[in-house]
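For reference, the structure I am asking about is given below.
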Amino acid sequence: MLTVLEKANVLTEALPYIQSFAGKTIVVKFGGHAMVDPKLEEMVLKDIVLMKLVGMNPVIVHGGGPSITEWLKKVDIQAKFIDGLRVTDEATMEVAEMVLAGKINKGLVSQINLYGGKAVGLCGKDGGMILAEKKKSEQDLGLVGEVTEINTGILSILSAEGYIPVVAPVAAGKDGETLNINADYVAGALGGALKAYKLVLLTDVEGIYLDERSESLASRLNEVEIRQLIAKGVIKGGMIPKVESCLAALGSGVENIHIVDGRKPHALLLEMFTKEGIGTMVVKE
Amino acid sequence: MLTVLEKANVLTEALPYIQSFAGKTIVVKFGGHAMVDPKLEEMVLKDIVLMKLVGMNPVIVHGGGPSITEWLKKVDIQAKFIDGLRVTDEATMEVAEMVLAGKINKGLVSQINLYGGKAVGLCGKDGGMILAEKKKSEQDLGLVGEVTEINTGILSILSAEGYIPVVAPVAAGKDGETLNINADYVAGALGGALKAYKLVLLTDVEGIYLDERSESLASRLNEVEIRQLIAKGVIKGGMIPKVESCLAALGSGVENIHIVDGRKPHALLLEMFTKEGIGTMVVKE
Amino acid sequence: MLTVLEKANVLTEALPYIQSFAGKTIVVKFGGHAMVDPKLEEMVLKDIVLMKLVGMNPVIVHGGGPSITEWLKKVDIQAKFIDGLRVTDEATMEVAEMVLAGKINKGLVSQINLYGGKAVGLCGKDGGMILAEKKKSEQDLGLVGEVTEINTGILSILSAEGYIPVVAPVAAGKDGETLNINADYVAGALGGALKAYKLVLLTDVEGIYLDERSESLASRLNEVEIRQLIAKGVIKGGMIPKVESCLAALGSGVENIHIVDGRKPHALLLEMFTKEGIGTMVVKE
Amino acid sequence: MLTVLEKANVLTEALPYIQSFAGKTIVVKFGGHAMVDPKLEEMVLKDIVLMKLVGMNPVIVHGGGPSITEWLKKVDIQAKFIDGLRVTDEATMEVAEMVLAGKINKGLVSQINLYGGKAVGLCGKDGGMILAEKKKSEQDLGLVGEVTEINTGILSILSAEGYIPVVAPVAAGKDGETLNINADYVAGALGGALKAYKLVLLTDVEGIYLDERSESLASRLNEVEIRQLIAKGVIKGGMIPKVESCLAALGSGVENIHIVDGRKPHALLLEMFTKEGIGTMVVKE
Amino acid sequence: MLTVLEKANVLTEALPYIQSFAGKTIVVKFGGHAMVDPKLEEMVLKDIVLMKLVGMNPVIVHGGGPSITEWLKKVDIQAKFIDGLRVTDEATMEVAEMVLAGKINKGLVSQINLYGGKAVGLCGKDGGMILAEKKKSEQDLGLVGEVTEINTGILSILSAEGYIPVVAPVAAGKDGETLNINADYVAGALGGALKAYKLVLLTDVEGIYLDERSESLASRLNEVEIRQLIAKGVIKGGMIPKVESCLAALGSGVENIHIVDGRKPHALLLEMFTKEGIGTMVVKE
Amino acid sequence: MLTVLEKANVLTEALPYIQSFAGKTIVVKFGGHAMVDPKLEEMVLKDIVLMKLVGMNPVIVHGGGPSITEWLKKVDIQAKFIDGLRVTDEATMEVAEMVLAGKINKGLVSQINLYGGKAVGLCGKDGGMILAEKKKSEQDLGLVGEVTEINTGILSILSAEGYIPVVAPVAAGKDGETLNINADYVAGALGGALKAYKLVLLTDVEGIYLDERSESLASRLNEVEIRQLIAKGVIKGGMIPKVESCLAALGSGVENIHIVDGRKPHALLLEMFTKEGIGTMVVKE
């Protein structure tokens, strides 16, 4: 049981953050792998509702890899990955869109509404929010896209009107074809275009490690250090889109970028309202 | 080739409609069966873009029955109907939501954007737009819902900001469970709640027939006449949700309700801007 | 009788114009010689009411030469012209002002109101709209003015409030003396000052001819070509103020200038809402 | 030469009036007979410009009888009066409109502009301001109208935008025909419809006399007293429309009504800003 | 040292209060006897700055009894009290006003500004905020006033513009004479007139006791109970103005009224943002 | 007794001033020595109420030297001056603040309210209006401050909302210590920061004299001339802060600066609304 003075101290620490965050946009990437525990998912979404409640403008970008894989199995399509990116033929894309924009997106919306927020679920096609083109790569990834243009109009309107936008990482190409984009990239691009105050990647690791030892968690890394870790192969696999999206967001002027362990209770809330660092902060230099 | 005077006459006829429609909400139900021909679908969506262009506020409610049936087959679920309403267990509901809110909804959004509009795809969960509960009926229909409350906030904001809302007929119950609602009912309920100027049901029949003969198409029917035709069994099957949604919208104060044949080119445009009646108009008395 | 598809095509052609004209200012010079047929006058004024109805801001500048001549006769004053410009002594000016600002102006206002518009009749003195000085010319033209300054304040206010301004081509000099200005010049100067989207001179010829043959009607002429036609004497008499006012308006940035035959039914409407060219378009180069 | 204290006293007296008049509408009837001396006319118009300058909203209604009579002579039409009202055939009406709305109205506008104001000249047709019908009377007065409806929209807009409206007493009937209305009636009707703070009739008498002696000038008369003076024949001729317009304005809620001698220098200014009564005040009881 | 989860729990508890208080007015009476410890005074004022920071509108009413007494001594005036109310002759009033509105008020303003707030010091005369008259009582209390009218205009404006109003309990009577009012009464009257969300009386006792034993602190009392405690003499002396001001505020519709011990650190903050009750809450029934 | 024409002439002269002053800020320094006669004080304050009434924004800065001296005596503190500046130890400062911000300031507020205005009394601490530091000088003046920064926010808000701000010349230093500033300097600094239209120093002399003879009153002096008069010792003592504050205000862009004899009845009113010069005008060159 806390004493009243201990409580007062927490408040005295938190209140100035609340004021300084008022009206600020916070992009939260909520990864598919961080969604596995319903209890934690509830905590994350409730924290986001609280953030909105006290005047911030959270924008959620979600993933959904495990669920897509499961549904591809149901319709007998084999999932295939190259460098952490899903190879996507038309049949796969059709399933991916249905899972991301139909099932997961609307499920998150429904939960947020249950917890007292007002969510609106969108994908990159809605309001022409994200324009994409096929990702250039050595091996053909199929309908995997990369962002070419962001129109934040619809997000700004919804945030201003009290809604919490929830974005599925699916977009249209210039001829209307559907493209699948890595959710980390989408989060970074939206963060940059919205001139977000913070970009938080909620994932299923504690942050970035400098080597294999768990005590090597980096609390702060700059661009040069990240590029070295990639070159050395320490940063690899699914962590690559994350750090690339961080670097892109840094380049667009997002000041505060954090890779945070979504499996820790209230990781978001503590990241927002206390002085303690959590996970790895990515900075310019 | 029209003479200039013929053109002038069309314009002189149409311009006052344009003025009187400015800022008015028009709910268009775009039925799954009216979507079968891509050419016609394109025409319908382009007409809607034009309507927005000249100052109206179209709101689209779409169906998707045939496509749901097709996907249920892919995952080996048997579709089942009672009185034109899909019997919906959890597995069916999951597929239906993915098809309606993920595939068809985002597909329409993408097309409208290609034709120069700015669409935003929503389902009843978004912004808490449609609250539903399990439909009471003699036989258990499973997760089939009926509307209990409409919050038009998100629709009004999007319309005012220049977007065309596209609504999938899926909603949440009070504990967050997903419910499938007949799209005709959703269109009627939204029309009523939005105090829409017009409700147009674009379907795959010419209108309501008084008997089996094709020349018996009714151009105008009132509430009493419709109830008699239902009692006599002339109106039946999939036409029942349509006329019930018309009657509900009538009751909420929508003045102009039309059941129109979506297979006729530019049916919407002609319904809007010319004096000629198309299909069947449903009136109070 | 048109088919519905033919009607739909006219509308599909016209609707984008309506949208792109919304809020745009269109200055219409309605010449005294185009006013002779009451039927046509009614059609012109009704077309202007329609233009206002669908969101354009028409501003009418009218002439009145024949009527001034008639009234001068009644009070035994001899009308005199030099190069198409009326020589104006004080007695003539007094009659001209009464006829233009009192009789014709208020007559047009009254008619527009009858057809459902809301017109306000002004002359250049009202709201200090047009400041003028005596026109410099070799022969003394008396109280013939040329525009020195335009204040569009009153026109913008009236247009914004839903009124159709109707302007008589009479203005005050800097000592308050009344000056008569050619209506074509007034229309060109107002078009320029209002940054009008279109200037349409409704007159009693089909357009500009390249020679004496009626089949030599030019559909498009640029500044250089017009100056050549003046030099050659092909453009002469009352056509000179018209083309000079077009060139002045071009110089002030009005993009679309048309000399149109006001004797053709609905010439204005077709000019506005169809692709077909009518009369002669005057362009920069 | 005044002492500074005398000046200070005038200001201390006047300033509270200025404050209490801010934004108030003052209808000033400026009679044709009060316009004969250009010096006085200048003083009246300059006082009105000052009133506007310090925040009041003056609306001028002018007459023009003597000038109409003069122009009727020029075109050989005989002026005819019954009970102070001009009998008006079509030819007379045509001349009256040209003189009132063309010559006198625009002349006043031009002068006010010279003195630093911004005037806009209107007649009852403009903006549909005054709707009239033929005056019912025992003897046919021809195109003499009486007010049936006032739309003050255009006056309010102009006043709010800093303009001084100047109104000629000509209006349209419901079929568009032009009607001549006594200017006193117009002033009273506008005063009532505008909920004016004051109605001032500037005329060529000192006020209302109780009998033939000049010392019998009444400083204050109520409705009953006025009706008695009419019955006794003391109030007669051109004074009848004046007092009737006062009584009508009283009935519509105008609180302060004054019949003031326009031939006295700065009569308006003194009426506005000093405690001394001028002319005859007409009160309810 | 608190765990992150403990911190998260404090925040999860506090954040909804912050939201529900946004824009709400909180009147804080800061008593002269609660001001004795500079450390506590700093804490109180910093808490008020925090409250403003997160969107509340605190209004401070201060006392100053001890300081007035001290200054009266300096100028050799004897302080005199009847029933806890200062007997106030003109010389006393002059000193009291200087101490309250000059010394204490501006001192609090200066401190709040140092802690990052923007305070504005007022007394009841400013903006005509408090009109008073001499308090009726059996014994003549001299220039002791009671509130007759509150004009909250100046307080609302300052709050809306981001300022923290600090009010000294001095007001003017209707002839301009200065009157001294008990600060508790002022706080209650302002709370009522502002329709405050909360009225907090920060004083130097823990709350209201039901008898002499310190464990008899009442956590909640209604009107009837308070009247009984007064009748029994349990509530007496300086506590009487406090409870009377609470009852008056209750009567004006203030819902939440608390008598809180200002000597406890962060009493205000805990009262605002935690569930625990502090001191005595006064309720209707 | 003035004739109506004389009155009209005063008004015709004054009204244009009223218009041109609308919304303009006028800083009036009301010196302690000009406050000695209650009759004159009433006249000054009533003139200021009138100025507000007709749309100006007066801001009053007051002094209070004689009253401070009197109160210092009461508490046995010896007043001490160097170069017209009060030497201020802590005890003196405490008394000075109480007298200026408590007694005189609230007294003026109360009077202005009695005369129909709405005054709000402030000192430099309120709203962080004036930041000061200890005045640098050869001899230690103690807590005598000079202005380092002006925040006009609170003044602009109050003026815009219809209040008359009354400012006592007391401010806080950066550590919250109270500093006494010469009221002339405060008036000049506020005038400059507010971009005031006029700065009027109401004092107890007729203006600046060029030598000892009373007929040597200068009606206009520029910067160079003033510096020469200071150098020569003609301007000295209490006049030095006055002319220095004028020069500072000149430097900040205040165009109209006047040193006016506050002992003349209605000096302010005449200075505002008549052409006659009063006292000495200070100009750039």
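Letters A, B, C, D, E and F mark the chains in the order given here, with residues in each chain numbered from 1 onward.
The rule is short, and it goes like this: a contact is a pair of C-beta atoms (placed from the backbone, for glycine too) under 8 Å apart; a residue touches a chain by one contact, two chains touch by 3 or more.
Please read all numbers here as calculations on a predicted model, not as lab measurements.
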{"item": "Neighbouring chains common to chain B and chain E, by label", "value": "A"}
{"item": "Residue-number overlap at the chain D/chain F interface, same or different (half cut)", "value": "same"}
{"item": "From chain E, the most remote chain by mean C-alpha position", "value": "C"}
{"item": "From chain A, the most remote chain by mean C-alpha position", "value": "D"}
{"item": "Chain pair among C-D, D-F or A-E whose interface repeats that of A-B, sharing over half of the contact pairs by residue number", "value": "C-D"}
{"item": "Distance from the mean Cα position of chain F to that of chain E, given in whole angstrom", "value": "35"}
{"item": "For chain A paired with chain F, centre-to-centre distance based on mean C-alpha positions, whole Å", "value": "61"}
{"item": "Centre distance in Å when chain B and chain C are each reduced to the mean of their C-alpha atoms", "value": "48"}
{"item": "Multi-chain contact residues (two or more partners), chain B", "value": "none"}
{"item": "Neighbour-by-neighbour ring order, given that chain A leads and chain B comes next", "value": "A, B, C, D, F, E"}
{"item": "Footprint of chain C on chain B - complex, ascending", "value": "2, 4-8, 10-12, 14-16, 18-19, 22, 50, 53-55, 264-266, 269-270, 273-274, 276"}
{"item": "Complex contact set, residues of chain E against chain F", "value": "74-75, 94, 97-103, 105-106, 109-111, 113-114, 118-123, 125-128, 153-154, 157-158, 161, 163, 170, 172, 175-176, 178"}
